[in-house]
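Scroll down for the structure; my scribbles are underneath it.
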Amino acid sequence: MDDYLVGVLSNIGIVSFIALSAWLLLLTGEISFGQQAFFAIGAYAAGIATALWGWPLGAALGWSAAIAGGAAVLVGVPTLRLHGLYFAIATLGFAEMVRLLFEQFHYRVMIDGELVGPNGSDGFRGIRYIFENDVGSLQFLALIYLLLAAALAGFMLLERSRLGVAFRMIGEDDTLAALNGLAVARLKILAAGLAGALAGLGGGLYAHLTTYVEPRVFDVMLGVHSLAYGLIGGLGTALGPLLGVVIDIGLLESVRAFAGYRMIVFGGLVAVLLIVRPRGLLDEALVHRIGRLFVRAPPAGP
Amino acid sequence: MTALRLAGALAAAAACLSAGAFAQVGAQAPQAQVKMRAKADVACRPTSTALHYDCTIRLTNARTGEPLGGVTLTVGADMPSMPMMHSVRPVAAPPEPESGSYRARLALEMHGDWALQLNLSGPLRDRVVAIVRFEPGRAESRPGG
Amino acid sequence: MFEVSDIVATYGKIEALKGVSLKVESGKITCLLGPNGAGKTTLMMTIAGILQPRRGAIRLDGMDLAGLSPARIVSRGVALVPENRLVFPQMSVRENLLAGAYQRRDRAGIDSDIDRMYARFPRLKERREQMAGTLSGGEQQMLAVARALMSRPRLLLMDEPSLGLAPLIVAEIFEIIAELNRDGTTIFLVEQNAHMALKVAHQFFLMEQGRITFSGTPGQLAEDEVIQRAYLGSRRAAG
Amino acid sequence: MVDLVQNTIDGLMIGSSYGLLALGFTLIFGVMRRLNLSYGPSVMVGAYLGTLVYVQLAAGPLVVLVVTVLGSVLAGLYVERLCFAPMAAGAGVASMVSSFAIWMQLEQAAVLVLPRHTYPFPPLATADPLAFGPFYLRVDGLIMLACALALSAGVQLLLYRSRVGLALRATINNPVAAHLAGIDVRTAVVFAFALASAVGGIAGYLVLATDQQVTPMFGMWATFKGLIAMMIGGLGSIPGAILGGLVLGVVEANSQWYFGPQVRDLLAYVLLFACLVLRPGGLLGEAPSRQQDTGRRGA
């Protein structure tokens, strides 16, 4: 495979994590403009762990997921009392706070005669783990998709579990869900924590893929894109956001013929798509219909 | 509290999973000792075609400061403000007569700040990132690369 | 003469109206009875133009109203007092009345009509600068009626005007309905409270599952045994 | 102390432009109950057209103002047609994401027409600042403040004293009841978009004429400043929008002076976040009720 293809596939895999993260919150009925904050926290945490502390990659990735998930739970407690637009703007405010804090964040350590570490708005260079340890780009690609597959398998299990049903119930109508005895607040915080951990894991992978991060990477653009993926691809299944990413990054690549008009064409396509299918390509109805093709007998409840 | 405990358990599971995945990848390459690192200076000039730039890249050994010749260099580009959205197909940067000097011609999609990814292979496998602001008629590197 | 013929309307794939035809005589009070979910509100919303019919015609004195926008329908002389007393909660009583006259341009006529509404509904006059959302249920219903009248409708549609109101207020509302009719307004109302409707209405229709299943005068209605049991409640069962 | 007062004066002036942006935002939000992320970029398109006639045709300030406002209105209506009009009720999130996609589109269109990073914008006033004792008042800042107050008063009058204002408020209050009262809700929505874009266009003109330069980033800047000011002041409140803008301006000016530009931006978001968590209704708005909950499925 040529480097370019590997690079694009790696990007698709990594963006999928943050897209899944935003989608998980959409599932519970909340719109977050702020998942890029957890992606950023994960990226910096994992980068610091390998480049400054000499941790192995696996530990660093676990750490990035844990710290981002923890941060998401902490932020979720005050913000999830808000709803709809208020929650969306609060997440946006939080994410921008995180980005601007990283602009102020200097933590540089002399390693091998070179200052390494986050340097405010000049970014964090030299997250060279995969180069120093001879992890090939294909190997890294495999790692990305292994983790993504694990996350997807988790979602598939979630969809069949009581927890998944609970999330969807809350997403449909949280008052009704509460009347049915669900601990809505805790479940939402759980969803926020899981979503944060997913984004953090993606961030950790991203930092090691590019070897370089800077606060600007994590601005609102990334967050709104990741939200859009779920809506383009469809809200009915965890494959929806992935399809969204493939369409976006894949389509962006394929309409390269339009050169400078790319965003004009793409923006228009998305707008038209959302008119035709406001809940995305793989919406609940379609997923249900496809599901019926494969499952003759009704699935047994837990 | 069950929900939060479950969250903790899932986070731990995620950590274990990633650690497991690492074990496969990392097992082949035990933590290397100090490895050679590259440092790069990038200078770009606009060409007569809009959005096309001629870049001269000087690679040095980060520790000794000696010119770094004989590596295979490709140059990709990404926009930090739109990460992973504008990955430009990497171009080969053939060496110039002067040792450690390479030249690449970049075709960008829009003006603005780009993170040039200098991918080194051959005797040294490394990636160096240089931030360059491309504008119509000029290009300017951000120091610190 | 107001006439609905063979109206079909759907909610998604569910046919809510399956070919409804009925006639409302000018100057009379006509009442549409029917159980919950029969399609009565759908019919009202379709006549008012909020919902578009799949097919069929809606005619007021020969003018076709089907397919027109709600604003056009109001300007042709049809006003709906919707279910659940939809008022503009953060606007004053007076502004609600002004909004009802939105299709009219005669400033002086509007002002004198507002005074007429105040005369007819003295409690609205007392509360004219109050936000409509702070009114009681009965007052909101009166405001909704007054607002509909502000467009000077030839046909007034009312969707369950007594719903959720205290018996005394219900009696007052029906008195107003009778009064409006005496002043010459044609009224077509949906009502569950058949006892009250029997006192004022001249003509009845019964709607079940999206179809008209009975039409007749109050006398014929009272004679029909099935309707007796279902809508008027047999005295034996009640006692 | 002198610094504090001077910063506050400067902050009030720049804050008045934030207030105008918030005013436009709150109008669209009030009518649609949806978030128009393309609001700032529409204004940016107008400003780019203004710059175009300035750079290419050496047009005077008045022409630039008219072109900017008209361009903003046209772009705003384009967004309304594509992202809001065709969306069914209940597709609030889709509208928002769609308006984001159109943001990307507008930004690229602007860059295609004028590819450099910055372009000059004609200055609002070149007169020296007025001195009052130790304090200075910038003339362009004063014009900005005066325009903001006059425009918000004008919009308030329009909403509360005119027929079209009645239609708009009725639509905001209860769209179904507005239909039944004979109000042409679609026209009211289009009018709200046009009005909001025009207010945004004027705000954009005032800001850019003070900065004397325009970049494609202005779209994002305008969206976020308007959004923050609107939320601080209270969603749906016109005096709240202006007040929120002024508060944001004062906080920014002082934090810029004492801590630098990065902390200024940080504090703006801290203010937004704290406001939302502690007082979601904003300074003058009403606390959100479940019915007004937007962006959710039912919105």
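Residue numbering begins at 1 within each chain, and the chains themselves are lettered A, B, C and D in the order written.
Just so it is clear, a contact is a pair of C-beta atoms (placed from the backbone, for glycine too) under 8 Å apart; a residue touches a chain by one contact, two chains touch by 3 or more.
These numbers were taken from a predicted model, which means no experiment stands behind them.
Student: Specify the chain most distant from chain A by Cα centroid.
Tutor: Most remote chain from chain A, centroid-wise, comes out as C.
Student: Centroid from C-alpha atoms only, then distance chain A to chain C, rounded to Å. What do you get?
Tutor: Their C-alpha centroids are separated by 52 Å.
Student: Provide the C-alpha centroid distance between chain C and chain D, rounded to the nearest whole angstrom.
Tutor: The mean C-alpha positions of chain C and chain D differ by 42 Å.
Student: Which integer distance in Å separates the CA centroid of chain B from that of chain D?
Tutor: That gives a centre separation of 39 Å.
Student: For chain A versus chain D, what separation do you get between their C-alpha means, in angstrom?
Tutor: Their C-alpha centroids are separated by 30 Å.
Student: At which residue positions does chain D touch at least two other chains?
Tutor: 108
Student: Check each residue of chain A and list the ones that touch at least two other chains.
Tutor: 260, 262
Student: So, with touch as defined above, which chain pairs make the list?
Tutor: So the chains that touch one another pair up as A-B, A-D, B-D, C-D.
Student: Okay, in this complex, where on chain D does chain C touch?
Tutor: 163, 166-167, 169-170, 172-174, 176-186
Student: Report the residues of chain A in contact with chain D in the complex, numbered from low to high.
Tutor: For this pair, the touching residues of chain A are 26, 29, 31, 78-79, 81-86, 88-90, 92-94, 96-97, 100-101, 103-104, 121, 171-172, 175, 220, 224, 227-228, 231-232, 260-264, 266-268, 270-271, 274-275, 278-279.
Student: Okay, in this complex, where on chain A does chain B touch?
Tutor: Contact set of chain A toward chain B: 3-4, 7-8, 11, 14-15, 54, 56-59, 61-63, 65-66, 69-70, 73, 112-114, 119, 122-123, 125-126, 128, 131-135, 139-140, 142-143, 146-147, 150, 154, 163, 183, 186-187, 189-190, 193-194, 197, 201, 206, 210-212, 214, 216-217, 219, 221-222, 225, 248-249, 252, 259-260, 262.
Student: So in the complex, which bits of chain B are touching chain D?
Tutor: Going through chain B, the ones touching chain D are 50, 110-112, 133, 135-136.
Student: Where on chain D does chain B make contact in their complex?
Tutor: Contact set of chain D toward chain B: 108, 111, 115-117.
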